[in-house]
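Listed below are the structures to be examined.
Paired with chain B in one complex and with chain C in the other, chain A is shared by the two complexes that follow.
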Partner chain A sequence: MSEKILEKIRHRRKAQLLLILSLPLAFYIIYFLIPFIAAVGVSVGLILPREVQLQRGEVITLRYYMDAINPIFLKVLGKSLYIAVATTVLCLVLGYPLAYYVAFKGGRYRNVLILLVIVPFWVTFLLRAYAMLSLLSPEGVLNSFLINTGIISKPLFLIYNENAVLLGMVYGYLPFTVLPLYASLEKISRVYVEAAKVLGASPVRAFLHVTLPLSKPGLVAGTLLTFIPSAGEFIIPEFLGGPNEFFVGNMIYSAFIEAQNWNWGASIATIYIAIVIAGIMLYLKYVGEELRI
Partner chain B sequence: MRRLGDRILLAYTIMLFVFLYTPIVSMALVSFNSGRGILKWESFTLEWYTKALSNEKILNALFNSAWVAVTVTLLAIAMALLAAIAVGRYQFRFKLALNTGLFLAIVVPEIVEALTLMLFFLWIGSPFGASTVIIGHLVWFPIVYVVIRARMAGMPRVYEEAARVLGANELQTFFKITLPLLLPGIITGGLLIFTWSWDSFIKTQFTRGPGFETLPIYIWNSVGARGRGLSPEVNAIATLSLIISIALAYLYTRFRGR
Partner chain C sequence: MEAEVEIEKVKKSFGPIKALKEVSLTIRKNEFFSLLGPSGCGKTTLLRIIAGLEFPDEGVVRLGGRVVNDVPPHKRGVGLVFQGTAVFPHMTVYDNIAFGLKMRGYKKDEIDEKIHKMLEIMNMPFEIYAKKRVDQLSGGERQRVEIARSLIIEPNVLLLDEPLGPLDLKIRQKMQIELKRLQKRVGTTFIYVTHDQGEALTMSDRIAVMQRGEVQQVGTPEEIYLRPANRFVAEFIGETNLIEGRVSGDNTFAADGLRSVILSSSSNPENIMGDAVLSIRPEKILVGDESAGLVNRFEGVVEEKIYMGAYAVLKVSIDDKMALTVQVQPAEKVNGIRVGQRIQVGWSPEDATVVKPT
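For the complex of A and B:
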């Protein structure tokens, strides 16, 4: 008798689960997973083949990849990875002391400081890039300030070079690094640091041997949150980089939005994703961290 | 010695905040300046705001941004709630895989999600427009899920059990007990996805139809390639959007603590 009731309950729960889960799961599969497969399909011409490919009678082809991998693309790819790594390192080095100060020395201003850290994180990336442009451009605020105060007589040309892009990238991504750093520093109990000091460690030593290792999850999360999007960044180079600063993100953008060459776009995007994923795996393996979710 | 170190750190922190805030503050200042060229400060004015807010294209973009963000927020909350209840209150085999998979949708770069979705819509021949943009933003619903799940994990089940023992059915228990307890999580998650949708440029650009503009798209189009179109009008509308973002950030910090 009780067996039967249990069985009935089990069936009911199963039906409920199916009802509850089907909508989000179906949405996720259709609009997140399948598009990835579709993109790979487009990159080999299985989906949305070009006219030329159809004339040749090819169902699947690696031609798009072979066309995409050329010296210009490799150069752009190298440059993008370089700028992403440089951005990530600079953000970590610059952001760590800030996160440290807010977490440990904020005192009664801590809540205000946290809000100051969070706000840039919430402001549209596009707007902040635009703000940087309106600050640095030849007709911009900085130049007009310097001219009006008589420090310079002609506007300085501060944008359209790699340094401007790097500055913009650091400005754009710093909040993405600082927030996870702060979150992990805040969790560290001061007791450990005090213990190290009581046992005779200098403040520097206590920091290097206690605080820094304990903040590793924040360093890893900050690295990933900065590196992953910055590798495909195209708004900052577009606004601050000028015609010579062209990155993978710009290439993907122009392949899709300007050239509307889906197969080319899909193949360079697939290569870019594969490299980024490989980079992340290598990094996680190197730092010995599991991707904790 | 220790005092000195702290002072240096304080000076550094202030410097970095100056770096983070100078561009947005100067952008806001320019929007209140009556000089047309941004070269010189003349006097305080709201002229650019009245100009921007009587520009039909800007109003249209503002309206589109708002209704898309509201729709996305409501639908995302519904889907995230369903997924969170399934994972938190039921047993099934691929739970861990589902959890990981949902997390992926948050960490994948926006441009990747945008282009894969664009190809998908091209493939199935779906016309591009407001609905494709909404679907694109909705793919971020896992951010709401993560927040609600975190709230659920720290929530004792005794309240729900008590309600059931006292005779409430499953739906009553959900609406009278579970939902109110989850509310802070729903609000913070909702604020997050609202902002993501409100701010989205890349996804919107890849999934919109030619005539459909949101605020970020309008700003991008009017700034133009290589930023030739700097204008106080754009600064005004950008500042307006900035104020909304800051308000949302403030609300977020208020609700996160609960």
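For the complex of A and C:
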């Protein structure tokens, strides 16, 4: 008797859970899963096959992948991954001390300080990339200032190179590193650090053995939130990189829009997503072990 | 007796708040010393100053004879058990206890051996507990891990900041006895901060009662209970009846509208004259026939009768001027007493103490 009731309750709970999840689930399926499957479909020619493919009578083909994997693509791929890693590392190096000091030394100004980190979000990403451009370009703010003050006579060429892209990426993604780091650091009770000190740890060792490992969830979240979008970034290279700085994001963009070759675009997009997912899984496998804090 | 910790005229303020006004204390080697007082009395601040987590504005702190005012916490070699707990949540029991040893550069096999011994003392078998994660432990077990972690570095002083606060009453009582036993076994000086007077009385060799940043009295539990130095201590430690009045030269105490109370020579250790407060513990007051023959004997009306299990409490009003709380043990003694009945109450002169009115 009572088991029947329990069974009923369990069923009802399941139904409720499904009801609550149905909307977000539907959203993800429609806007995320289906397009992704469609992209994979296009990349193997199952969807939108090209004329040539039809003439050969192939329903599914790996030809687009084989065409995509060429030295130019591999070079662009390597460069994109390198810039994404460099952006992530720089964001962590700059963001960790920032998050740390706001969390532990910010006192009652903490909320204001962290708000300042969020403020750039109020302006759209595109506009911020444009702001960077007007700041660094040969006729830009920085160069005019340096020339007017007589420090230099000719404008420095600060844009359209890899460093400009890196600078723009770090500027754009730093808040994504700082926010999860702050959230995680702020939760760490002072008591743990004090305990470490009383037990004989110098401030540096207390940080390395206690604060740093306890901030790991924020470190992991910050790394992923920075690495994933910066790996596929194409606005910043477009603005600050010029024609020489060509990244995977730009390549996908030009394959779809300029070359109008969707199969090609879909295949390089799929390759890139697969590589990024594999990288993230490796990362999580390596650091995620003790993540259950 | 050799001094382990000496606090000399220590002052500490946080902004406008004077946490410690001028505290001097000497804590002896191997004693169980409690800092007792209500929250905000400065006891935790004093503890943190001894640990080196706060620095005094004025005054001197000595550990084992050495002035440590400017020594950072990691070079003091004291142990500190925090309020709540501060066991590291990202480490196992083993790593928590090993932490202090690792910081001191001990080798793996030495650490292993010491942890084995320590867990044995703590009644936590190594095989069961060493690899456990902190979130798999109960509150009492976490507390023991933290104490083990502090003791394993063999500190001269172990500071404990209300370590039993979050635990259930039963476990707390068990841990009180365990802690006392542990202290005797390891012989370390314990300085124990608590707001629970029962806890302090049970465990301590000596107690310092603190209020508003000042030490009110230092003494053994018995001295503090039976001979409180002032009104605050009398009220804070246990239950008591306080009667406001005056002490006259002939060793009597007079309260408004009350026949004068006879005092003994030991009732007034500080020789207070004039305005004073008389403190009589509820269990020292006898009722009915048992009070016959006592020099301080009054008649009153029973206003309330409360059964407490092991004992009973009577509220007796004397001429509507004064209400006395009387504790009667065993509780059965009050069976024949009815509310509203007139009753005799009395106490011996040496069972009352005169304290300063403020």
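Going forward, the second predicted complex is superposed on the first by the 256 of 293 C-alpha atoms of A that agree within 3 Å, B and C clash if a C-alpha of one lies under 4 Å from a C-alpha of the other, contacts with A are read in each partner's own complex, and residues count from 1 in each chain.
The working rule: contacts are C-beta pairs under 8 Å (C-beta built on N, C-alpha and C of every residue); 3 or more make two chains touch, one makes a residue touch a chain.
On a predicted model such as this, the values are computed, not experimentally measured, just so you know.
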Request  = With the two complexes overlaid on their shared chain, look at chain A and say whether chain B and chain C clash or fit.
outcome  = fit
Ask   = Is A:Ala196 in contact with chain B, with chain C, with both, or with neither (first, second, both, neither)?
value = second
Ask   = Of chain B and chain C, which one touches more residues of chain A?
value = B
Ask   = For A:Val85, is the partner it touches chain B (first), chain C (second), both, or none of the two (neither)?
value = neither
Which superposed partner A:Val102 touches (first chain B, second chain C, both, neither) = first
Inquiry  = Going by the contact rule set out at the top, does A:Pro35 touch chain B (first), chain C (second), both, or neither?
reply    = first
Request  = Please indicate which partner A:Val210 is in contact with in the superposed arrangement: first for chain B, second for chain C, both, or neither.
outcome  = second
Request  = Check the residue A:Ile69 against both partner chains and state whether it touches chain B (first), chain C (second), both, or neither.
outcome  = neither
Touching partner for A:Val119 - first (chain B), second (chain C), both, neither = first
Inquiry  = I'd like to know which partner A:Gln16 touches here: chain B for first, chain C for second, both or neither.
reply    = first
Chain B versus chain C - smallest C-alpha distance in the overlay, whole Å = 10
Query = Both chain B and chain C touch chain A; at which residues?
reply = 203, 293
Inquiry  = For the complex, give me every residue of chain A touching chain B.
reply    = 13, 16-17, 20-21, 23-25, 27-28, 31-36, 38-39, 41-42, 47-48, 94-95, 97-98, 100-102, 105, 111, 113-116, 118-128, 130-135, 137, 139-144, 147-148, 159, 171, 174-175, 203, 224, 228-229, 231-232, 234-235, 238-240, 242-243, 249, 252-253, 256-257, 262, 265-266, 269, 273, 276, 293
Query = Okay, in this complex, where on chain B does chain A touch?
reply = 2, 5-6, 9-10, 12-13, 16-17, 19-24, 26-27, 29-30, 37-41, 79-80, 82-83, 85-86, 90, 92, 98-105, 107, 109-113, 115-120, 122-123, 135-136, 138-139, 141-142, 145, 170, 195, 198-199, 201-202, 205-206, 216, 219-220, 223, 225-227, 230, 234-235, 238, 241-242, 245-246, 248-250, 252-253
Inquiry  = Could you list, by residue number, the parts of chain A that touch chain C in their complex?
reply    = 189, 191-192, 194-203, 205-206, 209-210, 213-214, 216, 290, 293
Task = Over in the complex, which chain C residues touch chain A? Could you list them?
result = 51-53, 72-74, 76-80, 82, 84, 86, 88-90, 99-100, 103-104, 149-150, 153
